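Here is the structure we will look at.
The chains carry the letters A, B and C, assigned in the order they are written, with residues numbered from 1 in each.
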Amino acid sequence: MSALPKAVQETIAGWLSSGAIEVFIGYERGSVPLRATPVFVRRPEDVTRLIWDASCENNLVAFLSKLRGKKVGLMVKGCDSRAVVGLLQEGQVIRENLRLVGVNCPGVVDPKKVAAKLAVNVDDLEDAHLNGAQTLLMGGQCMAIGEVIYDLCRDCVHHNPALSDLQMGEAIADPAADPYEHVREIESLSTEERWARFEREVQHCNLCYACRNACPLCYCNTCFADRTMPRWFSQTAQPEDVQFFQTIRTFHLSGRCVGCGACTRACPQGVNLRSLLDKLRLDVLELYNYEAGSDPNARPPLTTYREDDYNGFVI
Amino acid sequence: MIAKERLGAMLSDLMRRYRLIAPVQHAGELRFSEVASPEEVVLDYRNTAKAPKATFFPQTECMMRFEQQLDRFNELRGVPLDTTPTLLFGVRPCDARSFLLLDKIFLGQQYLDPYYQARRENTLVVSLACDHPRQTCFCHAFESGPYDRTGTDILLRDGGDVYLVEAVSERGAELLAGLALPLADGAHRVKAAEIEAQALARLGEVEPVKGIEAMLALLFDSPIWAEVSEKCLACGTCTYVCPECHCFNIEDRLLAHGGERVRGWDSCMYPTFTQHASGHNPRPDQGARWRQRTMHKFEYLPRNAALYGCVGCGRCILSCPVRLDIRHVLRRVRTAYAEKSAAKVTA
Amino acid sequence: MSDTQLCTCVHAANPYLPMNMVIQRVVDETDDRTIKSFDLAFVHPEDGGEYSSRGEYSSPRFSYVPGQFCELSIFGQGEAPFGIASSPTEKGFVRFTVKKAGVVTSKLHSLKPGDNIGLRGPLGNHFPLEFMRGKNIVVIGGGFAFTTLRSLIVYLLESGERDQFGKITVIYGARTPGLLMYQQDLAAWEARDDIEMVQTIDVAVPGWTRRVGFVPNVTEQVAPTAVNSVAIICGPPIMIRFTLPVMTKLGFQKEQIYTSLENRMKCGIGKCGRCNVGNKYVCLDGPVFSMAELAELPPEY
C-alpha cells in the first residue's frame, strides 16, 4: 500500500543499474508503528522495499555529508529539498551526482499527537497504523491524518520540492499562511522575558547532539561542540553548557536553516528547537529579505556584504 | 497479597521509612521519579521511556569538590554519599535483571564505586511483573521473561483486583514480614496465573541470544558493521535510555572559588569517545563504534562477567530517531556468521 | 563518610579521589620543550601507601612496580593517565614525563615547583618481572614512549638484583639528538659495563657520533639474541609495526615480546567503559600486554 509507484521503482532501479547512482536513500517499514526507517538501497531488486507515506519523517539529506563525492539518489519532501538547495549553495554536493525523487508531501504524522488523542504514552502506540493516505487507526479508533501531523507540517508553505529529477504525488497548493506565526509573539517580549523563555525552552537538553546530527546543514568535520582545545563548554549539561551549545548552533545556522524540523523531531527530550530556529529565520527574512532553501544560486546573507546591510546590532 | 485499592495506604506507610521512587507521569512521558504522594504512582503501564538506572547511577553527579586558596593550594573535599533508605517501586523484571550487570561493574572487580554502592545498598527493589510485553520487547531471547524474579527483592504480580506479593530476597522477606499482608487465596492465584499466561502469549518469536558471542568473536573484520550503522545518527539516545549502558565521563567544572569533579553519562556512539589528545581515534567511524556497542553487550561482557549487556527491554528501538533496531543487527550478525561458515566449507 | 577534608582513609575507600601532591622539580626533557618531567612529592606523607579500594593497606609507602601508571589531576581541567617514569628504588619523589598535547597536559606544562596536583594510583598491571628473572632483557624504545622503560631500566640496575637478570640491551631512538629524553641517565648507562646502551637518531647531524638509523634497522644490526630473552618494546605504532618483524626474524616468539598500550582513559579503574581493546581494559588488564595476548585481541588501538 505504501510501496512506491512501479514507474518510480523502475526509474530508481535504472539509476542503480546504470551507475548513475551507487546508492539510493529512501524509507522502508520499520519496527515502530507510525515511523518509517531510512534504508540504503544498493541493489536494483531492493527498490521494492521502498515506501512513501505519512510515516516517512526523517530528513534523509543529513546522510549526504557521510557520502561526499559519491553518486547518491534520495527521496526528498518539500522541506528536505530545500536542504539540498542549501548544500548546493555551500558547495557540499554536486547536482550532477544527485538523483532526487521529490515527493509532494501533505505532512508527516506526529506520534505524540496521536498518543495525546488516545490518552496513551507515545511508546504504547503498538496497534496504530496508517490506513491509506487520509486516516490512521488504532484499536477501533480512527482519526484523520491531517489532524495529527506535526505543527511544522500544519504550517508548511513549501509542500512541493524545489528540486527534483522525478516528482511523486499530486502537486499541493501551498496555503497563504504565515509559517512564522508561532514566533512572532517573541517580538513583543522584553530582553529579560526572552532570556527566561530561552532558558525554559532548552532546560531539558542533555547535549546528546541528535539535533546536530539529524540536521542536513550541520556537516562540519569537527563541530565546535567536540573541540577540547579550546573546550567551549563542559559535557556535563549544566544550564550554562546547554545554553551555550544551543545559542551557538542556532547562530551558526542563521541564514542557512531551511526549517525542515529534523532537529526538533530527533530530540529525545522534546526541546522546542523549532521555536529558536524559526525566530532567527524570521529575523533573517526581515533584516535581509532572505529565506534559505529556495535558490541554489543565491548567497546566504551572512556570507555576503552589502553597504545597505542592516547593522543595528553593531554597538 | 494486597488489594489494589489499599496499595496507596501501604505506600504511605512505607514512605515514612523510605524515599519512594516509582513510575510517574510527567508531561506525556512516564519516568521513574521520587514521589511526594502515592497518588502520583502509575502502575498500569507498559514501561518507562528511560531506564531506572539513574536511581543508582545518576545522569550527573558530583564526585568531589576542590577549593582554591591563595591561588595555589588546592584542598580537596569529598562529598556526602547518598545513603537515604529508598524503595524503588514498580520496576519491570527486565529492569530489575539489569541491576546484576551494573552491580558487577560498579561493585565487582578490583575497585569499589562508593557513589553507586551507597545508593544500591540502601535501596530495596520491588518489581512489578509485566502483563503486557510490547512488540519491541525481547526479554525472552535471554532465557528470561516478563515474570522473571532475577535482581529484585519483592515481586508483585497482577491478580485482578489485587497484587500478589512475593519475597524474592532475604531483605524482601524482612520487609514483607513487617507488612503482615494476608496470604493470597486460590481464586486470586488462578487469576494471576491467567494474567501471566496472557502476558507470555503476547511474546513474539525471537531467536535466543545464547551463542551469539561465539559468532561475534569471528566477525570483527566483517563489512556488516558499516552496513548496520549506515543510518545511525550517533546521537547516543540508545545509550541514555538503556538500563545496562554505564559508560561515563569525568569532567572538572570551575566555579567561583574552586570547582568540582563531575561524573556524567557518556556514549560509545560519540565520535570523540575514544579520541586521543593526539587526534588518533581507534574507532574512527560509526561502523567501528557500532561494532563496539554490539561486541561489548554480546561478546565482551559475557566473557568477562558471564552476563549480557542487554535485557531486551526494547527502549533503544522505540527512542532511536531513525528506528535502528538492535534485533536486526543481531540477525545480521547471525546471517554474516552463517555466510562466513559456508564460505569456509566451500573454500 | 561526610564532607571532610582529604585523608588517607577517604581515598582508600574511594578510588576516584586523588591524593594531593606537590611539584618538586620541573625539567625540560627535549630541546623543543614539548616534553617535561615532573617530580612529585606527597603533601600528606601518610598518603604514600599502597591501597586497594577495600581499605586494605599492605605497606606504608606508595609502592609501585615499573610499567604502572597514575592518573594525574589538574584541578579544574581534568585528569590524564601517565606512565610512572621513576623507579620504586628512587625514594622521595615520583616522576612523570608529560608531552604537551591536550587540555590537561597544556595546563600541567604551565605549572611550577610548589604547585599542587592530584594523583591516583598506582594503576594497571606492570612489566612481567617474575617472567623476566633469569633472562636476557632487551628494551627497545622510541621517542616519548620511553617513560616507563626508564622506570624498568633503573629498577633493573638499582634494585640490588642485577645478578638475577642476564644481559641487558637498551635500544633507544628519536628523530634528533634533542628529542632523546633522560640525557643524564643515558650518559650514565653508557658508562656502565652491566648494560649495553644503544642510542640512535633518524638522520645524521654534525656532532653525533653514535648510530644513525630507525629503531627497527638498528635493532636488526644490534641483533640481540632471542635465546632465553624477553623484549619490551614501547614506541609509536609505526615503530612497533616495523620492529616486530625484525624480532621475529631474530627468533623471538610472541610470548617473549611485551609492549605497553595507550588509550584514552577517564576512570583508570575499569568502570567507565572507554579504554577497552576487545574484552580487556587497558587500565585494568594492561597497559602491559605480551604480543601473544594482543594477538588474541582485535586490532582496535
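Brief remarks on what is shown
Keep this in mind: a residue touches a chain if its C-beta (ideal position, glycine included) is under 8 Å from a C-beta of that chain, and two chains touch if they have at least 3 such contacts.
Bear in mind the structure is a predicted one, so any value in this text is a computation, not a measurement.
Contact count check for B-C and A-B (C-beta pairs in contact): higher for B-C.
Of all chains displayed, B has the C-alpha centre closest to the centre of the whole protein C-alpha set.
Mean C-alpha positions place chain A and chain C at a centre distance of 50 Å.
Computed centre separation for the pair chain B/chain C is 38 angstrom, with centres defined by C-alpha atoms. One inter-chain figure worth recording: chain A and chain B are separated by 31 Å, centre to centre, where each centre is the mean of the chain's CA atoms. Shared interface positions of chain C, defined as residues touching 2 or more other chains, are 102-103. In chain B, 249, 251, 253, 266, 277 are the positions where the chain touches two or more neighbouring chains simultaneously. Residue positions of chain A touching 2 or more other chains, listed in rising order: 228.
Chain A meets chain B in the complex at residues 30-32, 35-40, 58, 62-63, 66, 112, 115-116, 121-124, 126, 206, 208-210, 213-214, 226, 228, 234-238, 265-266, 268, 270. Within the complex, the chain B residues that touch chain C are 63-64, 66, 68, 72-81, 105-106, 109-114, 220, 246-254, 258-259, 261, 263, 266, 268, 273-278, 282-283, 288, 292, 295-296, 299-301, 303-304.
Interface residues of chain B, counted against chain A in their complex, comprise 27-30, 45-47, 49, 59-60, 134-136, 230-231, 233-237, 240-241, 249, 251, 253, 262, 264, 266-267, 270-272, 277, 315, 317-319, 321-325, 327-328.
By the touch criterion given at the top, residues 102-103, 106 of chain C touch chain A in their complex. Those residues of chain C lying in contact with chain B across their complex are 1-6, 10, 13-18, 20, 52-54, 73-80, 101-103, 105, 114-116, 118, 262-264, 266-267, 269-279, 284, 298, 300-301.
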